[in-house]
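Each chain carries a letter (A, B, C, D and E) given by its place in the written order, and its residues are counted from 1.
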Amino acid sequence: MGDLGWIFISTLLINNFVLAYFLGLCPFLGVSNKLEVSFRLGLATIFVMVVTALCAWFLNTYVLIHAPYLRLISFIVVIASVVQLIEMAIKKTSPTLFRALGIFLPLITTNCAILGLAIFATNKGYGLWEGLVYALGAGMGFTLAIVLMAGMRQEVEKVNAMPKLIRGFAFNLIISGILSMAFMGFAGLFSSS
Amino acid sequence: MTQKDPKLLIQPGPQLRQQMTTPVVMRDVWYALTPATLAGIWFFGLGAFLVLLACIAGAVLVEWYFAPEEKRGYFLGDGTAILTGWLLGLTLPPALPLWMAFLGGVVAVGIGKTIWGGMGANIFNPALVGRAFLLATFPIAMTTWTAPGDFFTIPSSLFALPLMTGVVDTVTQASPLGMMKFEHIDTPFIDLLFGNTSGSLGETSGLLLILGGIYLWWRRDLDWRIPVGIIGTAVIFSLILFMVDADRYPGPVFTVFSGGMLLGAIFMATDPVTSPLTRKGTWIFAIGIGLLVVLIRVFGGFPEGIMYAILLMNAATPLIDMYTQPRVFGRELDQNE
Amino acid sequence: MAKEQLAYDEFMKGLWRENPVFVQVLGLCPLLAVTNSAINGLAMGLASFFVLLGSSILVSLFKSYIPKQVRISCFIIIIATFVTVVDYTLAAALPVIHKELGAFIPLIVANCLILGRMEAFASRNTLRMSVADAFGMGAGFLFALVSLGAVREILGVGEIFGFALFGANFEPWVIMILPPGGFITLGVMLLYFNWLEEKKNKIDKQLATEDGVN
Amino acid sequence: MSEDKVEQAAVVADEPSPARLIGTLAIAGLVSGIIIIAIYLATFETIKENKARELREAVFRVLPNVSKMQKLLLKEGKLEVSYKEEKGEEPIYAGYDDNNKFMGYAIPSDGPGFADTISVLYGYRPSDRKVIGMWILASRETPGLGDKIYKDAAFVANFDDLAIEPPIVATKKGKSKPNEIDAITGATISSVAVAKIINKGNDYWVSRLPEPGAEPAYVEVETPPEAEDAQAQ
Amino acid sequence: MNLFRRLSNSFDHGVFPHHHKEQTEQLAIQRLPFGKRFVIPLGQHVGAPAKPIVQAGDAVKRGQMIAEPGGFVSVALHSPVTGRVTGVGSERYADGTFQEAIVIEADQYDAQQMEVHPIDWESLSIEAFISEMQKAGIVGLGGAAFPCHVKYAIPDGNKIRYLLINGAECEPYLTNDHRQMVEQTEALLYGAEIVRQKLGAEEIVIGVEKNKPDAIKALQDAIKPGQPIRVMPLEVKYPQGAEKMLIKSVFGVEVPAGKLPRDVEVAVNNVGTIIAIAEYFQTGKPLIERVVTVSGPGVSYPANLIVPLGTSIREVLDYAGGLTDETRQVVLGGPMMGDSIADLDAPMLKGSAGVLALTENETGRPQEYNCIRCGRCVEACPYFLNPARFARLAKARMFEEMAETYKVMDCVECGCCTYSCPSGIPIVQHIRTAKDHLRSMKGKVQ
């Protein structure tokens, strides 16, 4: 496993942003009731994460070495503005793409998984390529988790034997817990061989 | 002719039903498990039996406690709680403190099944939810394997007080999988076949598990595609690795007969509730498990991967079902209208 | 007097009746990520509390000068400022804890709870009420963090704030400090709150009908 | 309450000009910038000291009998004393005793562990090509299992006198060769990972280090140069 | 697997209930003696009810038309006996509902003979042929009672190449088609030839399940060399007789959803229907009686009977020795598709192929358990639907999803799913609920 490969597998499966780091729980718990929507949200997240990785790399390389204290504020402001610009561009150039992904973009921008990605990538000292692979792994890991979750929730919705008391957030957290437990199976992947 | 009108029953059709019922299916699984269980108890002694009982007690207690009062008989009558506890017990180390086994049974049925709305509504295999919970909770106790020993010696670790550590006083021994993964030591095939190795009590005797599987298949309680798919995939995958580097990777025979592979493939992946409904889905499910098992065993951090493989594919089952809807008679596959 | 009462009400609302975590289910990410011990929960709770309080005060003070169109951006800038302050202060004063909480301090910025309170409360209410609200919500969040952290620490290592509870032979429930334990513990705690709520509603209903009869 | 309503109405009523919007943001940004810079300056020294202390403690831990250290960077194939962090270069640290005698290098290295990346700092003595100490800088290994790689003194002691050739291996059968360490029971993966991480560090560094005896000498520095600012963030 | 299926002449999925035909398959068809009171419901076929043309007090002859078609999709009704009309009014039906019917009292002293009036079918145009069929009141005797003339009114652009005769008789217990194939072989072949020529079909295929070897042999022996007729033995499997399954088994073609057999150039008719057509053109006898199997463990003397339509079910059962004490349920039709009946005094209809008396053994229902997703129903459904999904969705009242994603409207209610469910879930009932709901919603939208 090359370094890039391991970064990818590790963020996709072992250190899944949602299931191991608790990042992006809002969309994960809030938007995972419909499979179709979840999948598109996942795609939009991958996209924003890649953009974020680019921004973070740019800021780290050219701005923050001079003014480290601006890290947090500049991440937020730059990521939000770039996503906004892209959103406007998509709206103009491809209305279909906008309908598919665009509506999610503002929703994602204020989310901790995005900011977390930028901060973690910085803390780990990732360069451009590593950062991009990291973003891809994190985004796809998020998509995987939310799509599995949505599939299960759609199924569970149809069970009318389920006590009313249990439905809702509490139950979704417990499903997430079991899913997170299942993902523990990936721990140590490619580290010992 | 004296004609008294018998009281006629009105019921919707079809009037005929085949004879199999769900409780009978579950009891069939009990019967199929019995030989392997007895062998496990024979090898590991009475202590193993106590562990099994503790699991079943935990499982049944939760089932009973959360069942609506008037439906308790009905809830317990389907036999799934006992089965869940039983299967969980078969996957545990024989020297596990009883309170942990009991807790496993409670979690298996409580979080694995009851919360979801009871039998048939769960997405994850309850016994494996219980086991995954125990493994993540007590990783050391859950990976302390004892060698098969004297029948009447009960490890004192069983009787550890609740919340307290059990000190294993019997001979501990790495399981065949552990030896393979960390020391690349093979175990003789004959030992694997008859179960005379360390491990959990149901994971050991390959031969009796296969017999149980054949019985279930003969009773039409089990979809042969799942065990065949899992084992076939695992054999192919491990054969390829074996041919690449025979010193590093275990061969297909070891892959199939070691650890929980057979128990998982025959009795756990086949849990109808948590496996796909459709034929095509069943194949995808089985192949997915086969790949994941070998992936986790060979490249992952755990010597055994069958439990995680099944749980992960359980999570994907709703999606698999959704996308493998059979083509409706007289329609094109993608005909939406 | 009336004002005192109202402010007190706001406070209690946040702490209990409309607890941001157990009732409104907000701010879950920081909540779950750092609560593998009570002390971490406490530190994170205090940090969030400080950010919430500071931002509430500023927003409430300047609300009439901030145009509607840019209010969210202003809130974020204000919040991010306070978070940076907390981040540096912790790093200087309590480096051990800062290391534990690691990257999650900056993520307070993205905590919906804080931005939500700015938008829903501080930007529309007087300074006094906003402070009461921030105290309530902050305390409620703190309460949730500490109780979740305490449960996970008690079972997960057999300690509370680092003091051993069960003696040397305790078998820790490792899962509690691992991610699945976080999900499941919070799930079970939410269930418990739902159940309490339901029970209360039942009793209320019963009382209401009894009143009606009388 | 009533005054609130009046205020709200006022906010709704006025339609601000773009200039006002930008102005507000600019002011907010300015104020925020000032606060941030103020807190940065106020905490800068302490944070820098904290970090330096942490680093010093780690280095002294992996290099026994060392009382002074300095940072070294590889420049054009040569190790040079450095005060500032330069992009893309991993520093190593040289440790000296009271008499400014060179004792060994502290080398950071990292790699995949059971849960996440493990960062290791280990002491290396080039004179007899041995690892002489190991400390975990960061890891997310499982509490009670994988965390024994730094909590279990017996495991850490494995690295007090460890040959690096042939490459270090973790064994479960009791160590019998100078390049072997005892794996932690129940945490074999983490143990193996630490061994591999050190091997990885050695692979990179051993060939790049100067001949034994040619190590950079300790340089007394009274006041660190300004450039070190950047390192503290 | 598909190749295997092709070679064995069958369709995919389906179930294998024990066929229980041994009780009656060797018993020659007997005539049920005429009873006293006959009840002829006006709406016993698919389509509009017939319009009575007699009044209380009118004398009628056996075979005389007593009601004329109420529209194109409707047929005439005839008196099964010589006697007197006692009234036209509401009568109780087998399922307990009340319907308009003509009641006729048989003339005790009449010999109930009919004059023979052969009809020259060869000279009839297709239109005239169709109107003859309507006049003769002939409907499908395979169960659905669909008017034959409607089936034969082929729209322009469609063309029939094969006449497929349905001798599958896949319902357990029933042997009426079987006996007719053995005993009335000539009439069957004659009727088939009439229909073939009138529809301009090239070939006749008779599909018979392999558990009726004597019928297969009788047919093969009777076919003269050079006749365009072929007998096709079929796998014994339910619902082999469902026409789309039969077409799949015989021709290997799937009739597209929502289409009819004629869209794949096939016309399907039941054995009994074809014999009724033959008899009409040979003797002028309209559809006033049919062959019925009386069977099941609840009757003492099972039999295959020619039953004049309108006879009460009780009379049929009495002839077979009455119900035993163990009888729990009486079913009109086969045990899979048939309905259990509330009132033994209800009349036999054109669509009633059997009267079955079942005991606890057959009718006992397992307690209902939650679906264990065993997939048996999915493996059983010959239409490749997902019955388990239907049951779960119907319970959650998600009917739209049932229709849109899972095509509940394609279900023909064959019962395979309920039959095979170990959890005792009445899936078909859930499906009916959903269909009713969907139809009423559709009605509201329009």
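Rule of thumb we're sticking to: contacts are C-beta pairs under 8 Å (C-beta built on N, C-alpha and C of every residue); 3 or more make two chains touch, one makes a residue touch a chain.
All figures in this text were calculated on a predicted structure; none of them were measured in a lab.
By the document's definition of touch, common neighbours of chain A and chain D comprise B, C. Fewest steps needed to get from chain A to chain B, stepping only to touching chains, is 1. Averaging the CA coordinates per chain and comparing them to the mean over all protein CA atoms picks out B as nearest. The most distant chain from chain E is D, comparing centres defined as mean Cα coordinates. Rounded to whole angstrom, the centroid-to-centroid distance between chain B and chain D, based on C-alpha atoms, equals 45 Å.
Taking the mean of the C-alpha atoms as each chain's centre, chain B and chain E sit 48 Å apart. For this pair, chain C with chain D, the centres built from the Cα atoms lie 32 Å apart. Work out the mean CA point of chain C and of chain E, and you get 70 Å between them. Within chain E, the positions touching two or more other chains are listed as 370. Of all residues in chain B, those touching 2 or more other chains are 111, 118, 121, 133, 136, 139, 301, listed in ascending order. Shared contact sites, meaning residues of chain A that touch two or more other chains, fall at 20, 69, 71, 73, 159-161, 166, 171, 174, 177-178, 181, 184, 187-188, 190-192.
Applying the touch criterion to all chain pairs gives A-B, A-C, A-D, A-E, B-C, B-D, B-E, C-D. Contact residues on chain A toward chain C in their complex (touch as defined above): 19-26, 29, 69, 71-73, 76-77, 80, 110-112, 114-116, 119-120, 123, 165-166, 168-174, 176-178, 180-181, 184. For chain D in complex with chain A, the touching residues are 32-33, 36-37, 39-40, 87-88, 111-117, 188-189, 192-193, 230, 233. Residues 15, 17, 96, 172, 244, 254-259, 314, 318, 321-323, 325, 327-331, 335-342, 344, 356, 358, 362-363, 365-367, 369-375, 378-379, 382-386, 388-389, 405-407, 410, 413-416, 418-424, 426, 428-429, 432 of chain E are the ones touching chain B in the complex.
The part of chain B that touches chain E in the complex is made up of residues 1, 3, 5-18, 20-25, 74, 78, 118-121, 223, 272-279, 282, 325-331, 335. Contacts from chain C toward chain A in the complex involve residues 25, 28-30, 32-33, 76-77, 80-81, 83-84, 87-88, 102-103, 106-107, 109-112, 115, 175, 178-184, 186-188, 190-191, 194-195, 198.
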